[in-house]
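Letters A, B, C, D and E name the chains as they come in the text, with residue numbers starting at 1 for each one.
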């Protein structure tokens, strides 16, 4: 039985955890899901680390939301490096889902990006639990989360 | 009884610690508060780490103030990464409050941002002490500190 | 017998691992190759570390693909720092191959860059396995991967 | 008796260590001062760490000088992160003084910035040696080093 | 007898190691020099760490070459942070020499920058081997590598 951690934020404008929980329940009905909600993206790394080390999660998915300013981008960079560091300190995957407010000026589209990205990365999480070659048949195939796949370039 | 650390700076132009102390005293009257004041944001990470490791704090809130230049932004990035690293080395939350001078050209508004952000993050600190699901009912709700909440997007 | 790890992504639009596998098989027919496919570049560092620590790889090559936006560049920076950190934590080389979508607006040229870069870095990997002076006769010679060599400047 | 480390550089155009030594001798006549001079800012972090770990310093002040180009700014960022990391690895303060050549186009003013900043941060160092609440009466007071204090905002 | 490590790259367009070897042989004829050549700057940090930990080097000099694009600058930043981290993990100096292609549009001048910088930093390396105060008489003197010294500002 897998233990799967979800970290999300109160800053986010879409409840992406709901989508992730749905996908996990449909695909891994026996998995135990542990949720941890923090204020914003800079609080995510330690929550992910605690889910792995204190709650015994096998893998974590983090659901961040990033504002439009340059300061927000620097926060994104710091947070991204923190999430990578959590993985290197635990040897566990932490799938880092982020939605950036500058990805679309249309709020409806932003919602669709968030939902699609969370759903597809939930599937990536499930694949990674099965081992490092599970996604290999899709390697180089131009898959995208939040947008339709762009596909491979012609070689 | 919780031990709560506050790190603030002499560079800041608003005494945000006063707000944080008020909120903690009103909500957690038995908590012990330990304050540590440093010159500027790059001095914050080690002070937060010392509060956790040498003073036994359960959680820390840091109150930074960031100037307007690009150099200040790089200092913000270095400091943010340091604060994330403190959390990963201690498995404790450090709520990182920062006010950026470029957030408003109006000094009165900047004061209001600082006070509102410090107060709301003091509440976030109290919530996180109660566990990782305390804030989950607000997940994806578009909460903001320093400004009014923007709320969730319609899905 | 060497164990060589390959990390690639489903985000990439060219199957660079195929090129790398060809070059290794031609030059080190007894090497064992272990492949690990992840969604995107921020997932690469932990996969590389797992290949070294859990699968016993002597060296790893990572095959990343980077989008055009500033956010993608920050992800590149975080990923690059992660890959360097993996090397410092394991004292093994991880050859970090990345193709950036802004390197060419012509898709055919981008494919050629990807193939050439993957192939030449596979050769660099093989050279580094033989020791730190193997590449010394090419030091300062202006070698390029993805493009033709520019050669040394006249001194 | 305190041991205080000073790291400075040959790149700097002002001998800031002289100012720092004066202030320490006037205020802590029994302190032992150990100086370590390196070429430039990227050499500073390890020198600070050696002063703490190999020479037993209780605290260190570093005196950096940063050029005008974007490359210099990235070196500043890397150096800042290194100095923060030294502090997290040793739980000692390292007061990071830097003068940026783009702070003034007037060389005389740049000299005044350097001298004022070094002097005021020497006082900050002395205060931090006395404990984390020594500077608390100045918290939020808008103190500046290199320039006159701007003072607190009206609340 | 000192052991001195040199890391250089095949990406570089000038054989800077030759200059460094000359200077070391002239000034420290008994030193043992160990060379390690890697493809590019992101491969430098682990090579420097291996020279210190596996080959027993007392100090290392790294000779990097950085392209003109923004991506190259991010690679420079990641590499710089890696080289600083190597120093903090080993408490040894790693003198980080880099030539940036945007330092001059004239190829002859770029060669002169590379040669001058490598030569002067070889002298810095020799000085640092003698202890942390060897360079103190030059502190604040505005020394430059790659260009003529600018000298101290008038105080």
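Note that a contact is a pair of C-beta atoms (placed from the backbone, for glycine too) under 8 Å apart; a residue touches a chain by one contact, two chains touch by 3 or more.
Only a predicted model underlies this, so the values are computations on that prediction, with no experimental measurement involved.
Engineer: What is the set of chains touching both chain A and chain E?
Structural biologist: C
Engineer: Among all the other chains, which ones are in touch with both chain C and chain D?
Structural biologist: The shared contacts of chain C and chain D, listed by label, come to E.
Engineer: Using CA atom averages as chain centres, what separation in Å is found between chain A and chain B?
Structural biologist: 25
Engineer: Approximately how many whole Å separate the CA-defined centres of chain A and chain D?
Structural biologist: Roughly 40 Å, centre to centre.
Engineer: For chain B, write out the residues touching at least two other chains, lowest number first.
Structural biologist: 77, 81, 85
Engineer: What topology does the chain contact graph adopt: line, ring, star, complete, or other?
Structural biologist: Chain contacts: single closed ring, each chain with exactly two partners.
Engineer: Mind sorting the chains in ring order for me, with chain A at the start and chain B directly after?
Structural biologist: With chain A as the starting chain and chain B following, the sequence is A, B, D, E, C.
Engineer: Could you pull out which chain D residues touch chain B in their complex?
Structural biologist: Per the stated touch rule, the residues are 66, 73, 76-77, 80-81, 83-85, 87-88, 91-96, 100, 102, 121, 124, 128, 132-136, 138-145, 150-155.
Engineer: Help me check something: in the complex, which residues belonging to chain C touch chain A?
Structural biologist: Listed in rising order, the residues of chain C that touch chain A are 8-18, 34-39, 42-43, 45-47, 49-51, 53-54, 70-71, 74-75, 77-79, 81-82, 85-86, 89, 107-108, 110-111, 115.
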